[in-house]
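Next come two complexes built around chain A: one with chain B, the other with chain C.
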Partner chain A sequence: MPRHIHIVKVHHLTLSFPTAKNPNPKPVLDDVDFGIRDGEILGLIGNSGSGKTMTSLAIAGLLPESANIDSGSIKFAGKSLLDMNPKERRRMLGKDIGMIFQEPSTALDPLMTCGKQLEEVLTAHKESVMEPEERHKAITDMLQTVGFTNAEEICSRYPHQLSGGQRQRVLIAGAALLKPRLLICDEPTSSLDTVTTVSILGLLKELCHQLHMTILFISHDLSAVRGFCDRVMVMKDGKIVDKDTTSDILNNPKNSYTAELLTNARLDTRILGLTPAPVDYESSPVLSAKDITAGYGRSLFERVKKKNGSTESDTKVLHEVSLKVYPNEILGLIGGSGSGKTTLIRSLLGLLPHSGTVNITSTRVGAIFQDPVSCLNPAHTIKWHLNEALRASGKAKEIKGDGTFDEKRARTLEWITGALEACGLGAEYLSRRPNELSGGQRQRVAIAMCLIQEPSLIIADEPFSSLDASSSAELLKLMTTINRERNTAFLLITHNIHIVRQICPRVVVMSNGRICEEGNTEDVLNDPKSEATSALLEAERKLHGI
Partner chain B sequence: MQGKAGYFVGKLIELIVTLLLVSLLVFAAFSIIPGDTARVMLGPDASQAQVDLLRTQLGLDKPLVVRYFSWLLGILTFNPGTSYAYNMNVGTLIAQRLPVTLGMSAIAMLMVILISYPLAVLSARKPGRLGDQICSVIGHVLFAIPPYVASLLLIMLASSVFSLLTVGTYVTPAEDFAGYVGCLLLPSFAVALPKIAMSFKFLRSSIIEQRASDYVRTSKSHGLSDLKILVRHVLPNSNVSSITIISIILSDILGGSLIVEQVFNLPGLGRLLLSAISRRDFPLLSGIVFYLAFITVLLYFLSDIAAAISDPRIRLK
Partner chain C sequence: MSSANRSLKRAPGAYVFYIAGVILLGIVVAAFVVSLFWTPFDPNATNAGAKFIKPCLEHPFGTDNFGRDLLSRVMSASKYTIYISVAGVAIALILGTIAGIPAGYFGGYTDKGIMLLGNSIMCFPGILLALVAVAVFGASVTNVIWALGLVFAPTFARVCRLGTMEIKELDYITHARVMGVKPARIMTLHIFPNLVSQLLPATVIGLANMTLFESGMSYLGLGVQPPDASFGKLLSDAQAYFRVAPWLVIFPAMMLVFYILGLYFISEGLRVSLSKGGK
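Moving on, here comes the complex of A and B:
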């Protein structure tokens, strides 16, 4: 057996967040012990809150100030990191350890061009004194390495002028600029669509070989490590519960928790026991939209500037999209980023001015969105949110009925609790506030807020994308249950084709603001007619190995 | 660059429409005030014929619309007419008094920025520490003191306790610029005090918010020092949101100066305004009010432009 040189060695690390009230809290990291071998790609998998990010921050030296390392040590290339002073550790960042993070949309300073921000990496390290031309060359070279053909142009652009995938590439370029030996990737792809994810993972792997980097890859998605990582560690409640080569972990999990994660990651309806309700396509649709055209306004000046005939198509994001959702149906809507899915939803919900007609047979349409964190008001309790939804639905009077104030209140409370319990949260959650809930629980509250109005259609815009595998599986179970038991139709927007395959009888594929394909899910996904569908399927196959 | 021009043109149109609305409001307000200007000017003993004659002379017998447009034309060409009470051109009157009010506002604004910025940066370094808490408490107290109370307290402190600055005197900038600034220092400070607290509180929370943002984390992972992150990323970003607040503070200061100069017995616009109101001096009154409104609207316009220049997301939509 070859002798592996560990570039990072984490030795029995225990970490906690002591407060004045609670000086000995439950440790966030509990006796974490592992090594990262030189040149490997090590995956670190676990649900949210399992301590993955804290582990990486501890290695990078970016722990929050309130964190306290109770015991253990971290060695980087033989040097003990915890004995260094803050200045020495800071010097290692960017030079020896590079990092990229989850959310590329906010990870760049909006006021500074990408080129300037990359230049800061070079100027922050005094050891590498360079002339401005040299710096510029290093930056454009690196931007080309990460796949930009127009490196010069990217340098002069502001972050908001780039797409999510492009921003993540810029961030990777920044992290790799000084060719660090270790690159820590904290869920770098979780907010990107499948096609972009595949290309970013490919890029990381290539960089790893080209620059002889070691990668610590953190993810909550077990399937994302397939074909990417050499070894995988599984974390749960601050402990490493499983550690093996990727193929062994995926094909032959010895640990029961790993097996559970795998099942959830597959989101296999046959294992979870999910079947959607049967759909009657003869009945009149709950939602029918015809010839929706919509776009975002541009400034007067830009409209004048673009007068050479192409004015319309430039500002329009949607072009004559027609769509029908039948009762009881779970209709899947897939497409890459920028294909106009979210714009369509906003038009359907009447949040965006559009031309064309939208007919919804019921007045009651619910919507849940991608990010459950910012959808709920942090100042109020769950009970307040549900009450608010009830008031907005116009059903409050009907439910309260007649009687004394107390009777009315009791009936309202009963109704609210009913909706919450239908979403798998007990009455004890009524008094909690959003920040006391996990991402999955918040998404449940969002669904409960819809259910209160007894909608005939719920529009769900990427509800899984910010959830880990277990929460996604739970949410999926909840959605199919609601679909079966309450005869609620769903319009499910997702970039996870795997989910669509399992629970949507019919699917619509969007690309460039148009519907390029629609029909029976099996037919569309097994025999794609359009290029966009093929590209999505190809990316999915690469990523999940299906 | 071209998108920028479009944005500025849009803002300019906004500015003009706002000013027209302001002019309409100012004129309407003075037309609604009860009381006959000619009667007030001539006193209770004048005969009806005398009053009617004066009304014709002043143009008060013409219909409202005609009066509005002739007034608007006058005010837009910086020739708002002759003051009834002083029998002088309103423009000249205002120009005489403006250095006091504007000078005071400028000094006060400078104080706000010079004091609140460093304090906010220091305070936000370690939120919750003793220094931060002391600053916050003092801030709350200052916030609650109206400028005229602060003026009285400051007059007492300066004149009877320290006898440092001469209170109640005024030197024009042409005579002695240092003396001019000197006699405005104390009143400016009185106006600035609550605004320092306001700006401090806002900046502090804005800096704390920006420090927790994702791009600061990225910069840290790039190995930038805390100082560099503060200067290059945190401050510019918190400035973008502060620009609006600063413009609001500036217009508040302008209003506050009018009152404080009364207390300090300075010959500024405030005193002129009061006498114009008591004498029903419409040309003077409307002139002062309109030009002050003009300055305020212009400040907001400039702050919008400044925000656009500092924020590429607005500039390059």
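Moving on, here comes the complex of A and C:
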């Protein structure tokens, strides 16, 4: 194929989702015009819903059926993609255009070994006729290229036997196997921890040089773009509002929206007003956990296999973890993927059987989870959710008081509206259903549900990882406000060390199911004593350039 | 180029199914509703002088071996067929939901116990179990309904169990548990509403299958007892006269096909529209 200056040229593309009710809706992509230069890494940033993913799907030809291209054209290596028939486009996928998605846990078939899935990529393209041995060699070579030293072993493993980072590497290997000229990466690092993110970005960059690939890198994480992309485009409401070299965009933004994005990503405490409440370490802790040991049951197969010799019946994930959270404190809990953070909070919340003691002074503990999509029940309205929280708190009767049915209802409504407003959402959201809200708004409702219960402690399990920079900043602001005004303590689990540095006075670092370091945030992060903390900090330094 | 036009053309898929289903089902339901107030003749009144009359203006569906008007009998048969299938599915749905949701939610021994019971019922051919039950407790419409309800309950229990196992892992259920909501409330108000989209098509298919079962049982003489009739009973009575009076088979069979096909079309429509909505 001849080389072009622009491998992809998107020419004044306008795309919308017309429905029978609304045949002329607001376009999702509005006059998008850009080119991807051959061999470059182009970053595409913007908040959720700005049209980043739609742009990439339009290039890959994977748009939903209901999408309508109103005007414009897309050219790949000089050929108009929109004029091709579906068969020609399918042939291009994988061979000329590769793609990596956000969620490595769902992108692999759970019933196929990794080797088999990679082989599918080769057999799907009939023009690359290969003998089985050749295919196997190509797969193991590619697995080695993406950083696996035990390629043969990885081939025979199932996706659930790999970590998130390993799965993403397998997906990258699959995408790079046919050496596509363009690799579209749709938020490939947003569900990974910092250490893995840095290694995946390093790998992508290396592949880009080795295989002469061009990369379109979509992300809402500005720090991932820094040091990785050659050029960056900023999208807002389906329009490209800014494009320039990475250093110009990140250091001297000319557009006000880009500047706002950068401020939010930086989480500057002075601008956002993120001042946590002062903590009294002399008072008795709201949560104290001692010697928590927990794990998951072995599968029947593993039990049979280990029958001889081993008396251990469970896989231990946590080993004698002790932890204290003081009133008003925002305690940061950091650690790489698989370090046992989530198992720990599941044990603390009483969702997982464990040994050891957990003492919580308050009767109510709030919880916010990572995934804003599944945090609310799709079958009910926001009002129902808040009412349910009120009912579960046992305070419903007290708040309703005496009087007629209408008076009781009015008092309840006032109470739940108050909680919702405290989270920055108005009363008009009460009648909405979760699918009508954005990710950030759903997390706010989840916090409002916690607030109704008036907990003295809220456990937040990576609430920011699925949110874009602006929503994260707003959520963080809300959390610190609640912490200051309502004296609520937070146990914040995150893989974003930058956030911990900004708002947590104390931090706990976990590694391999044990607490390897804890103490004053500044002391721990400036002078790490353990290897795990050093690795996390090193990764963060590489990523954020701090 | 415009993929939207393509999808708009394809979108009425669900409507086509609904319209076809409603027309077919409508014929049977209309016959049922009208039969409650009026039938051209008394469905059970015999007339020795009017045996085997071919379909004509006075008797549009003809008459049978006792000279009974077949149109009147088909109309009254629709009543039993609809009554038995709806009541049977209601019992199966209630029992299946009550057993299936806790099985999926609690897991462990609860799940094993409930599923063992369900699987024991399912490992016998359904019609055989229903026949045994009716043979033991006596052949009456009520017993047929209970027997069919019990035979069909494990199917609904499985749908509920699987759906519950999937939903209970989601964050909003964990959140409800953390808030201190009791398991019974979680199962009824948090999980059940999310199962409706899976239960709806299963219910409609269940109605169609139950009708077939009931027809089979009536055909064997264990369902509706004479002189009343259901579609299956009419077919069973007609088989001896198939050569001399084919209309005795054609019209009840036609109504049975309308009812079942109508239900299948509606369930297909539901499946298409619910899976689209779920995307």
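Just so we're on the same page, the second predicted complex is superposed on the first by the 527 of 546 C-alpha atoms of A that agree within 3 Å, B and C clash if a C-alpha of one lies under 4 Å from a C-alpha of the other, contacts with A are read in each partner's own complex, and residues count from 1 in each chain.
To be clear about the criterion, contacts are C-beta pairs under 8 Å (C-beta built on N, C-alpha and C of every residue); 3 or more make two chains touch, one makes a residue touch a chain.
The structure displayed is predicted, hence computed values, not measured ones.
For the composite obtained by overlaying on chain A, chain B and chain C cannot both be accommodated without a clash.
In the superposition on chain A, no contact is made by A:254 with either chain B or chain C.
By the document's definition of touching, neither partner reaches A:79: not chain B, not chain C. Of the two partner chains, neither chain B nor chain C is touched by A:212. Looking at the shared chain after the overlay, A:93 reaches chain B, while chain C stays out of its contact range. When the shared chain is aligned, chain C comes close enough to touch A:380, but chain B does not. When both complexes are overlaid on chain A, the residue A:349 reaches chain C alone and has no touch with chain B. Using the contact criterion defined above for the overlaid structures, shared-chain residue A:290 touches neither chain B nor chain C, since it reaches no partner. After superposition on chain A, the stretch of chain C whose C-alpha atoms clash with chain B is 117-125, while the remaining options among 27-35, 99-107, 117-125 or 189-197 stay clear. Taken together, the chain A residues at the contact with chain C in this complex read 17-18, 20, 63, 65-69, 82-83, 349, 351, 364-367, 369-371, 374-380, 388-389, 391-394, 446, 449, 453.
Across the interface of their complex, chain A is touched by residues 2-3, 5-7, 9-10, 213-215, 217-225, 228, 232-233, 236-237, 240, 310-313, 316-317 of chain B. Every residue of chain C that touches chain A in the complex is listed here, in rising order: 1-8, 10-11, 170-172, 174-181, 189-190, 193-194, 196.
Per the touch definition, chain A reaches chain B in the complex via residues 60, 62, 90-95, 97-99, 101, 103, 106-112, 117, 120-121, 124-125, 158, 160-161, 171, 174-175, 298-302, 304-305.
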